[in-house]
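Below are two complexes that have subunit A in common, paired first with subunit B and then with subunit C.
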Partner chain A sequence: MIVLNLHKTLQSAQGTMSLQLEMTVQKGQFVTLFGESGAGKTSTLRMLSGLMDPDKGYITVNGTTWFDKDRKINLRPRQRHIGYVFQDYALFPNMTVRQNLEFALDKNQPRTIVDDLIGTVELRELQHRKPDTLSGGQKQRVALARALVRQPEILLLDEPLSALDSAMRQKLQQYILEVHRKYELTTILISHDVGEILKLSDRVYEIQHGRILRQGSPETLFGLGQSSAKFRFTGEVTGIRKAGVVYIVTIRIGNDLVKVIADPSEAEFLQTGDKVAVASKAFNPVIRKI
Partner chain B sequence: MNSFAGHITDIRSSDGLSVITVKVNAVRFKAVVIDSPETASWLVTDNPVQVQFKETEVVLATGENPAVSLQNRVKGRISAIEKGELLSRVVMRTDIGNIVSIISTDAAEQLALQENTEVTAMIKLNEVILAP
Partner chain C sequence: MEWGPLILTLKLAAVTTVILFFLAIPLAYWLSRTTSRIKPVIEALVSMPLVLPPTVLGFYMLLAFSPNNSFGSWLDEWLGIRLVFSFAGLVLASVLYSLPFMVHPVQSGLSSLPRSLSEAAYVLGKSRRTTLRKVLLPNIRPSLLTGIVLTFAHTIGEFGVVLMIGGNISGKTKVASIAIYDEVETLNYGAANMYSLILLGLSFVTLLIVYLVNGRYLKRFSR
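And then the complex of A and B:
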């Protein structure tokens, strides 16, 4: 269990902001921090990992104090057993995939974990290649594996997928879920993608100006969760066209494009690029084996 | 989407399905849902709930008590009708508020629908969405 009580005055482009966060993350949970840029999400992860010191407050992880301003306790980043994945991959360009992972090993740590991780995120074919010969998605798989070499209990993911295209994101989301379960991690993700959040997380914290604005299950926070409409997805509007007295709205859901009829009273609030929830009663769809 | 606030007056569950009765003013709506009080904590008698249904799922009838299987019925009077080439958008004023229906223009003409026509809106119970 992670208990955070963080106070920090942050300087940003918009001026000074006072971050005051209190949250408790259960062991094994997958939690997402959601909110505008500059809200304090990355600073929260940096304080948890020891890269930034809070002005006040404490951090305890599974009963051990990592930071306590009053008791002058402040573990160094390396003592905190955290895996951290950033949006840019931060791989060593002069080392192969395998060497990048081995470099992260602790002294006296058995090398078997490297082989295990290479198997889990399917890097066997790529293990002797250098990073600059890999695609964005492949590099991010290497970064994910490297973050787990020292077998951390906590995995921090700071918008790891935002530079990737949709198909690649979906693949990486699968790998992230797989390592989260296999290595029994407590994972904290920063993401803006509602579909991604619904797919991955158990709990969401919406952060605004350094405070928790709302928290809850992703289904409750993003609207349709408690509805009796069981046939539901999230997607992105790719087109809106008037067709007589109604509108035809084209929505990309995963790799598929679907068309939905919308009344003018709804269509006028939509524009291309909007993230939307799509729902219907489960009684309409027909199923046919292909 | 047509959306009205009501409260639950009856719940009948069997094999994971439930038929929920919701009262909106004097109108009773029934909805069949793939949920039960065990799977959805908000399914409790007297709880407030939204009754929602899409405009394209609203059937319109003229005349008194047509003999059809649809039990969700709301009487009202047409306040606006916009006719397109294929489809028409009918707005009707009822005791629970405005209901919008999208039907074929052919049907609208066959029923001679115009402003002030008295109509009954009907919605199949499997098209009614409930949301707390």
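And then the complex of A and C:
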């Protein structure tokens, strides 16, 4: 169980911001921090990992105190034993994929874990390549595998998939879910993608200006909670076209493009790029075995 | 022409470069990381030899280390080190004089690396020292090479500071640049020309190596 109580004054683009967070994460949970950029999400992960010192507060993990301002306890990042996947991957350019993983080994730690992880994220063919020659998705898999070499109990993911295309995203979400279960991790993810959050997380914290605005299960937080006779999908508007008295809105849901009719009063508020929920009463669905 | 001054020059440049390499790395690392208020002071001190006439540096070193005053005589009596008109003195002067040429490239190399590289190493359980040695330094090889070669070449080209503190003692402190001056003074232009040609060639070749090797590095990284 992770208990966080963090106070920190941060310098952001909009001036100073005071971050005040209290959060309890249960062991084995998959938690997402959601919110605008500059809200303090990355700072929270940095304080948890010891890369940034809070001004006040405490951090305890499974009963051990990692940080306590009043008791002057502050474990160094290397003593905290966590896996951290950076937004820019932070792979070491001078080492091959395999050496990147081996570098993370603790003294006397058996090397079998490296092979195991390379297998899990399917990097066997690429293991002797340098990071510069890899694609974004491949780099991300290396970063994920490297973060797990020391077999941490906590995995922190700072917008790991933001730079990837949607097909690659889907695949990596699968890897993340797989390692989360396989290694029984407590995972904290930063993400802006509602679909991704729904797919991966048990619990969401929405953070705004350094405070927790709302928290709960992703279904309730994004208003998808009540089981009803409805289909409901989230997608992105890719085009709006006027057709006579109505508008035809093209929406990308996953990898499918769906055309939906909207009346002018609805279409008025939509523009290309908007995230939308598409719902339909399920009174006449067709069920077909595939 | 004798080979003595040339060999002495190369020996001085080599010793200076080795000492500066190990001295400049911790200093450059500290400068690239610190937020201390005295950082500008240290940076100014490191860069001083770039703007200061070498004779000024040599003059004060001569004063400081002269056995005729207290610090110099203390060194002489207690430690048996005489830094005036000796090879050790030349090395010390060269180390000070070439300091910016090693510190600047290494510092800018370290500063150019993304912060997340060292942070990734820390959260992977590595100490600062291991991170510097295994992650940071291997990724700034072009900067290290630039520092080494510039220091070496700059030490070869020293004149004023060497003359002030070392004088012109054959086989002990008479380096090539001073030998040239010496030969010209005695109107022996032939020998001066030989020394000069060799220094010219040496400087060109060392700089050529830097640009060739670093060019290859850049090509590899920009792919």
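In this text, the second predicted complex is superposed on the first by the 279 of 290 C-alpha atoms of A that agree within 3 Å, B and C clash if a C-alpha of one lies under 4 Å from a C-alpha of the other, contacts with A are read in each partner's own complex, and residues count from 1 in each chain.
One rule holds for everything that comes next: contacts are C-beta pairs under 8 Å (C-beta built on N, C-alpha and C of every residue); 3 or more make two chains touch, one makes a residue touch a chain.
Because the structure is a prediction, the values reported are computed rather than measured.
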- In the superposed arrangement, which partner chain does A:265 touch: subunit B (first), subunit C (second), both, or neither? first
- Have a look at where A:119 lands relative to subunit B and subunit C in the superposition and call it first, second, both or neither. neither
- Looking at the overlay, what does A:239 touch: subunit B (first), subunit C (second), both, or neither? neither
- On subunit A, which partner's contacts cover more residues, subunit B's or subunit C's? C
- Scan A:281 for contacts with subunit B and subunit C and give back first, second, both or neither. first
- Does the superposition put A:254 against subunit B (first), subunit C (second), both, or neither? neither
- Message: So in the superposed three-chain picture, is A:84 touching just subunit B, just subunit C, both, or none of them (first/second/both/neither)?
- Response: second
- Based on the superposed arrangement, let me know which partner A:51 touches: subunit B (first), subunit C (second), both, or neither? second
- Note on the structure: Dual-contact residues of subunit A (subunit B, subunit C) none
- Going by the contact rule at the top, pick out the subunit C residues touching subunit A in the complex. 114, 116-117, 119-127, 134-135, 138-139, 221, 223
- Note on the structure: Within the complex, subunit C is touched by subunit A residues 49-51, 76-78, 80-84, 86-88, 90-94, 103-104, 106, 132-133, 146, 149-150
- Query: Of all residues in subunit A, which touch subunit B in the complex?
  - Reply: 224, 226-230, 244-246, 261, 263-266, 279, 281-283
- Message: Could you list, by residue number, the parts of subunit B that touch subunit A in their complex?
- Response: 1, 31-35, 40, 42, 52, 54-56, 82-89, 100, 102, 126-132
